[in-house]
């Protein structure tokens, strides 16, 4: 009558699943300098954003209604400053479950990116309190892996 | 000793606050056709994504640790198909509290965009199960408003 | 484009709001005897169900997406055994906010009723593990009050 | 000392479990007409209520304290308008875990029913702002299945 | 770049895991008398605190970011009044997962202890509204068990 | 019938409220050295624990059922290494609401302490995987303040 559906994964086999997602936040050059030199008043941007990403990965089934609640076995979060551009976040999520984890990895990426934004708001706003410069972009799934035990073995 | 800080808003005045954020998801042209023609198997993409955005706006203080838990008084979610490109999501959040709601609006936008992704995964994946085409981008704060009662009165 | 909407309560005035809801669970006479005589193995049914109702009232904005997150100022939960019939739950919720709390009261009632069910499952199931007897019914809003300070003053 | 207990399921075997629950909301005939003709201002009642049910199913261990947190593998939600009476909701929940899912199915049913109520409040209230007509009833477990893989095979 | 890490448990084997933790709350002798005689106005302290502990055990992955979300198979909560001293809480948590549950048991213990505090605040405060007497202490892990099926078999 | 009660704060006045709580975790001297020298493998213990405390403060109404959901306006978290003994955590919580925040401050303290434990488990366990040394103690409310606007003005 309305068609909204959660995919039935009952009869799928449990297997190793991994997903790698990444995304990018464009920031003012001065803000990037602050991050690099640990001069952000609200604290260590990458340490906090890592926690935010891990928490968000685990909260995925409560944020995206059609995803399944599965035990997550590993989350890795990495940051890279791309000179003159901004910050790149990469999140790898692992499980041994009946369905893939690319949505979990994507949730981790955008949560980390938004937390970076939240921590540097002060330096990104203009005098009118607007954000003419800040933007999140290029959020994508880099790779999904299935069936091997750990990405290191996948070739 | 570590400097991580939630901003103290105790002595700020309660006032009307509004934030408008938007973002974009690039999808295959066939997927966009499906969305337009309501042929997405998992259900009505825009109805579900609206709910996801509203829920996520309210969950913001539990996703982004340095944001404050405040009563949200209104959330509007709009979608627009941009021909040959993808889907644009716009979220407006309103409150009458001691702090702004741009992070809430941004959380709503990315949650809606990720939910769209989740509902069309099947049509976006290539034969290898990868997502070479799909991407979220141009997530930004369009406008913050403070002090007037409703954006319609703000000129 | 899809019409799903959270009502905008930004410009509504904060005032005293109260809602009283009730509901009923039909149980086997033996189960009711057990509840009365505190012989339910899983523990004190009414003490636990009170906690469940209070928790659920506070979780309402995360269960029902179109409700607003508002500070709840009081929750009262009462139980009555209706001989030969079952158990009646009544929940009163109070706030001083911009919108009413009947959904919160209803969520409290059904959560308490479901918790009663959960605690007496063992006594309600037949030999085939089915529940031919148990049912929740007559869940309704008894009264909404607005603008007075406490229902005791409302005449 | 107080006897409240979560059942220990450590040594139970994982097996296929399914539960089907249903419930009913009585609405004014005019409201039912509105739902049928998609004239409810707050949006598509069945699409939204499906999401609400799926979310609530996954939140069950945080709503009902004595239930176990288990991976849910499928949720189906159906609506039926019963002419001149109201709306019937049916929820089927599936898992491959150590314990049954009838509480999850029941939580899904009542959440969907309450969301319907929330979306049609405006049409159900009388001039005094009361709900003399609206009621949830006949919430029950239709069937529990255990051990087969999918209900279609259970004969 | 920041080193915050969730341990990768992907390749660990699922096995029986149990943890027993305990803790202590020092209360005024009069408060302890009230608890013993069920004269605490807010209700049955041990029944409520048991529910709080079980709920908190299940919420552990959302409270402690580096812990894994795993299915909990059993939670036991016990209270003991230690004359002239206070109340001791003991929580046993069981699972059959890839990682241990001592953090879950500890979360259960402190949640129960804090709930006791919350329920007897009125009797513990002095005239200035301060708590010169109340304190939580000796929260520790009594024992971790791995690999046997149930602690009763572990010798 | 069971007496469990959430205190009705409807008619209490909103005013400035602050609570300061503290607690202590006893750790092995080698572990403390690691924390001081940032040699804990899981990451920056104090940065992560600050986030954990702030998150937990906001989650208090969902952990402790009889507490009220109120907007928190500020959270400060401090750590101090007490030579040869362990780590002290202090949390200050502020609000302008109808009820005090000592339970929120206490929840923040124990969450931070437990997170420290979680991050240094590896260094605290003995060869048998037990924790003979680690313990949380002296968790108490240092001070409650009411009615002034900020503790700096309270004399």
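Every chain is named by a letter (A, B, C, D, E and F) in the order it is written, and numbering of its residues begins at 1.
The definition used in the following text is that a contact is a pair of C-beta atoms (placed from the backbone, for glycine too) under 8 Å apart; a residue touches a chain by one contact, two chains touch by 3 or more.
Since the model is a prediction, treat every value here as computed from it, not as a measurement.
Enquirer: Counting one step per pair of touching chains, how few steps separate chain B from chain E?
Expert: So the least number of steps between the two chains is 2.
Enquirer: Between chain pairs D-E and C-D, which one is joined by a greater number of C-beta pairs in contact?
Expert: Answer by contact count: C-D.
Enquirer: Chain B to chain C: how many Å between their CA centres?
Expert: Those two chain centres are 32 Å apart.
Enquirer: Cα centroid separation between chain A and chain F, in whole Å?
Expert: That gives a centre separation of 27 Å.
Enquirer: Centroid from C-alpha atoms only, then distance chain E to chain F, rounded to Å. What do you get?
Expert: Using C-alpha averages as centres, the distance is 15 Å.
Enquirer: For chain B, write out the residues touching at least two other chains, lowest number first.
Expert: 2-5, 7, 43-44, 47-48, 50-52, 55, 59, 62, 65-66, 69, 71
Enquirer: Once you've mapped the touching chain pairs, tell me: line, ring, star, complete or other?
Expert: It is other, because the touches fit no line, ring, star or complete pattern.
Enquirer: Which residues, counting only chain A, touch chain E once they are in their complex?
Expert: Per the stated touch rule, the residues are 16, 44, 46-47, 50-51, 54-55, 58-59, 69, 71-80, 94-96, 149-150.
Enquirer: Can you tell me which positions in chain E touch chain F when the two form their complex?
Expert: Its residues touching chain F are 2-5, 7, 23, 41-44, 47-48, 51-52, 55-56, 59, 62-67, 102-103, 106-107, 110-111, 114-115, 117-119, 121, 129-131, 134-141, 143-144, 146.
Enquirer: For chain F, which residues count as touching chain C in their complex?
Expert: Per the touch definition, chain F meets chain C at residues 1-11, 61-62, 65-66, 68-71, 97-98.
Enquirer: Going by the contact rule set out above, which residues of chain E touch chain C in the complex?
Expert: Interface residues on the chain E side: 43-44, 47-48, 50-52, 55.
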